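We call the chains A, B, C and D, going by the order they appear; numbering starts again at 1 in every chain.
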Amino acid sequence: MPAKLTYQSYGKSAVRLTKVKRLPDRHELIELEVSIELSGDFADSYLAGDNSKVIATDTMKNTVYALAAAHPIDSLEDFATALARHFMQAHAHVYTAIVRLAQTSWRRMSVDGREHPHSFFGAGAERRRVMLHVTRGKPYMWAGIEGLVLLKTTDSAFKGFLRDEYTTLADTDDRIFATRLSADWLYDKPVPDWNAAYHAVMDAMVRVFAQHRSLSVQQTLYAMGEAALEACPAILVIHLEMPNQHRIPVNLQPLGLENRNEIFVTTTEPYGLIKATLERESIE
Amino acid sequence: MPAKLTYQSYGKSAVRLTKVKRLPDRHELIELEVSIELSGDFADSYLAGDNSKVIATDTMKNTVYALAAAHPIDSLEDFATALARHFMQAHAHVYTAIVRLAQTSWRRMSVDGREHPHSFFGAGAERRRVMLHVTRGKPYMWAGIEGLVLLKTTDSAFKGFLRDEYTTLADTDDRIFATRLSADWLYDKPVPDWNAAYHAVMDAMVRVFAQHRSLSVQQTLYAMGEAALEACPAILVIHLEMPNQHRIPVNLQPLGLENRNEIFVTTTEPYGLIKATLERESIE
Amino acid sequence: MPAKLTYQSYGKSAVRLTKVKRLPDRHELIELEVSIELSGDFADSYLAGDNSKVIATDTMKNTVYALAAAHPIDSLEDFATALARHFMQAHAHVYTAIVRLAQTSWRRMSVDGREHPHSFFGAGAERRRVMLHVTRGKPYMWAGIEGLVLLKTTDSAFKGFLRDEYTTLADTDDRIFATRLSADWLYDKPVPDWNAAYHAVMDAMVRVFAQHRSLSVQQTLYAMGEAALEACPAILVIHLEMPNQHRIPVNLQPLGLENRNEIFVTTTEPYGLIKATLERESIE
Amino acid sequence: MPAKLTYQSYGKSAVRLTKVKRLPDRHELIELEVSIELSGDFADSYLAGDNSKVIATDTMKNTVYALAAAHPIDSLEDFATALARHFMQAHAHVYTAIVRLAQTSWRRMSVDGREHPHSFFGAGAERRRVMLHVTRGKPYMWAGIEGLVLLKTTDSAFKGFLRDEYTTLADTDDRIFATRLSADWLYDKPVPDWNAAYHAVMDAMVRVFAQHRSLSVQQTLYAMGEAALEACPAILVIHLEMPNQHRIPVNLQPLGLENRNEIFVTTTEPYGLIKATLERESIE
């Protein structure tokens, strides 16, 4: 037998949940995609087909719905904590539980200038998300967002970059900057109001995006990460990814026209992909 | 030769355009997907490989960008008109031009309570669209929307339906109603303000969706179409499609819990698909 | 009341079915996506919320699974016939039934040079499909394929096309021709062996694609349609759609290199879209 | 300044390349999606907007096409090596280069029983892939596959698993086993024939999938990994991921029918996700 099993995990992905909270004056709508991933004493199922310690992924799915019924889900962070705690407490042979939640964006309708009590629009493609990683030691609560589409039509330059034999791109002082932000930050401890912390971080990053006079995607990304760390002292680390969703100026000269930086091809691929992780400087 | 060519058309699809209008106090952002489809005296390219009358689809793409540079694109309807007119006027052997535009939704950012002059969020997945069908006779201007996600958590029933040997669905007084509305309406004549007409129709339909005490998707769809015809006298016909994006109550009883109409499986498929076309009654 | 209901239909879409036929020496695997669409005396559900004649779409879904259990599904055409017949016979108030089937492609594994009795690979993205349209009069059986990816690296030219002020494309004698064929043909009567007819048509079209010295996509499309009509006398009409999935030669000159028609950008959009319908010439 | 930059990388993703090799008797077709990711002395672009060391992602794209023109691309591994070497050698301030290649599957057409010299079908959705990770020290060559769809209709059981308050799944002796295999293995040294090694590993895994009497997805996954390590001595580690793409037996009893393990709902989500890493036991 030439092999040893050096890593294993399993779980249920894409458990989709809608919860309606029927309050007296209005309904609240929560829509989540949940994934559960467990590591632990499961090697016998790999090595010998012995399933006696295997929590079926179907059971994980049932557990998500059962706990959703009992839990208020006032924040993703609290619900993730309840799910992870369940698997860790119910099953001593689970060593690590990773709970991922991603929340579909909905926006309450207004009718005649008033918020409607129970009708909603689908909002943007972005999803607030949480990844809670719990071991028998410390929990790691990562919160963040995926797929937030941001675009600014000016205040973005890219010039003075390295030129080699394969460089054809021209310097530019004024280009469109469009991206789909993904960002995840690690709390060093629980905060009193997870939702307030989330919004403080997001507002800080969006404000920087809008106002920054960008010399590169890299520079703007860094400034956004720095603003996030400033906005919420409980954040230890933040990781950002920003694909550069290029808008390419159309060459109208062969058509007898001038392009005054107005007409662009919207592209999806290829795309630049810029990533970084920022950590809070320790004070000492 | 056993075959005759009874229909042909060709064109360019998925031409993606971003236009920035750089006004003194703010920028405006327009993002469109454009398709051009032409019919006409092109049979020789099919039958004999004679391309002398073929307008290359690459030329159509160039034409979209060229006309976008010259045109203000204040409404989809006006820009579609310009595009269709170009192909009909420039090439007498084109008999029919179909221009399709679909507009990505963007939302201007607010920073510190003020609208930002040049920064935007990606908004919902819905796209305003136009299909303009022009022949040597009358033009047909279809305007509409695709992919508008709507959900209400109550005021939706479905009961008293036909029961046969294969029916297992129970009657319900209170279900979630979620859909992705597509709707297209035909104007019988140009209107002075295409954008105002669009918003009047959309507001009327959304209001009905929110307030209707629905006995079936069919009934709500009809009421929405009727409201659209009432909201804009220039509309002759409206066609609506509403997939029923089921939220299925989870049976929590085997888990020892009660589901008080709160916990649902979010599903994508299968889906009910309800369609109808409503026409204005002529007065006479 | 300003509106009249001039068209309505409803049904269930995306009913996904796997059937295993457990024969003595091997298993057969059938995977279908089924859609049912009915028109008939359903106006009261739209106009008055009266559901008493509504066959719930959930019942349609159940019906698909129930009939799949009883039916051998030896061909898509036979199973579509059984489904349409059920709805037309069970419910006199149904006027039209449209049954759509699309079959996922699977390929039996070979192990040690022998076909494996019960293991399969997912094959290409193409799906054989059927659309059966049944009224109280004649049935229309459309059979075909969607998404068949075809590519040839030579024997494809495009030149001598119309040139206007917006034309920049150069003539070419030798380009890549890549497409995703969709084709649907109408049988004028049932054929003894639906599967044999399907394969005869497909083989004829693929052979033409491979061997044709193409002067345009239009010309090749027509030749393929003509070959289909020749291959199967029971076909009355065929409709083909061929997007032109451009491979664009990379300009390597600025990089100090020559492109000997070898290096291309693979593109998805924009794409040319070529369509035509061919009908059999009647003899008389 | 509260933040420090603890990780950064950037690059170009989704560079899509088609290469045609025009041999005397036949053409060969290679279609790749390429991503380049670099780490190195780029901090100034994040911290100060100083781009002087930044290799533009547009230049990376050009480099991919330029090197594709010069290189035979006889294997993904060789081309990845050439790309990584270029960035490491041309730019001393690059510390790490990650090159990812994924190859679209094409199948040569046969016409009249002979292989056609230049026509191809799109084959399955699976893509052979390579991730080459090069630092100033040792290179890591990961080879593998993504998205290979496998299904067996029998010889798959799942029973004897842990039961708790949320378990409702029944034991089964005979279920459908369907998955989309992703697997990546690490070579400890270059092998003389990368393609032969790839096929030896894939054949070994597929054979196990087909023949294994599975007691769990975990057990089959492990057996496949073990077979891979046996098939190619140059492999040090293999990582596998197998989503469990459930086929759920339809309960036909309420419809008055029996389901003899023949009729299933094809589902996409939720899905079980099983992962493991196997390492070769060292001999000493």
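The working rule: a residue touches a chain if its C-beta (ideal position, glycine included) is under 8 Å from a C-beta of that chain, and two chains touch if they have at least 3 such contacts.
Note that this is a predicted model, so its numbers are computed, not measured.
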Both-way neighbours, i.e. chains that touch chain D and touch chain B: A, C
Greatest separation from chain B - chain, by CA centre: D
Which of A-B and A-D has more C-beta pairs touching across its chains: A-D
Whole-Å gap between the CA centroids of chain A and chain C: 38
Separation of chain A from chain D, taking each centre as the mean of its C-alpha atoms, in whole Å: 24
Euclidean distance of C-alpha centroids - chain A vs chain B, Å: 30
Overlap residues in chain A, where contacts from two or more other chains coincide: 16, 62, 66, 166, 168, 255
Chain D-touching residues of chain A, taken from the complex the two chains share: 1-16, 35, 37, 42, 45-59, 61-63, 66, 90-91, 158-162, 164, 166-169, 214-219, 221-222, 225-226, 229-230, 237, 239, 243-244, 268-281
Sites on chain B touched by chain D in the complex: 165-166, 168, 254-256
Touching residues on chain D, where the partner in the complex is chain C: 16-22, 27, 29, 31, 62, 65-66, 68-70, 106, 109, 111-112, 116, 118-126, 148-155, 176, 180, 206-207, 209-211, 247, 250, 252, 255, 257-267
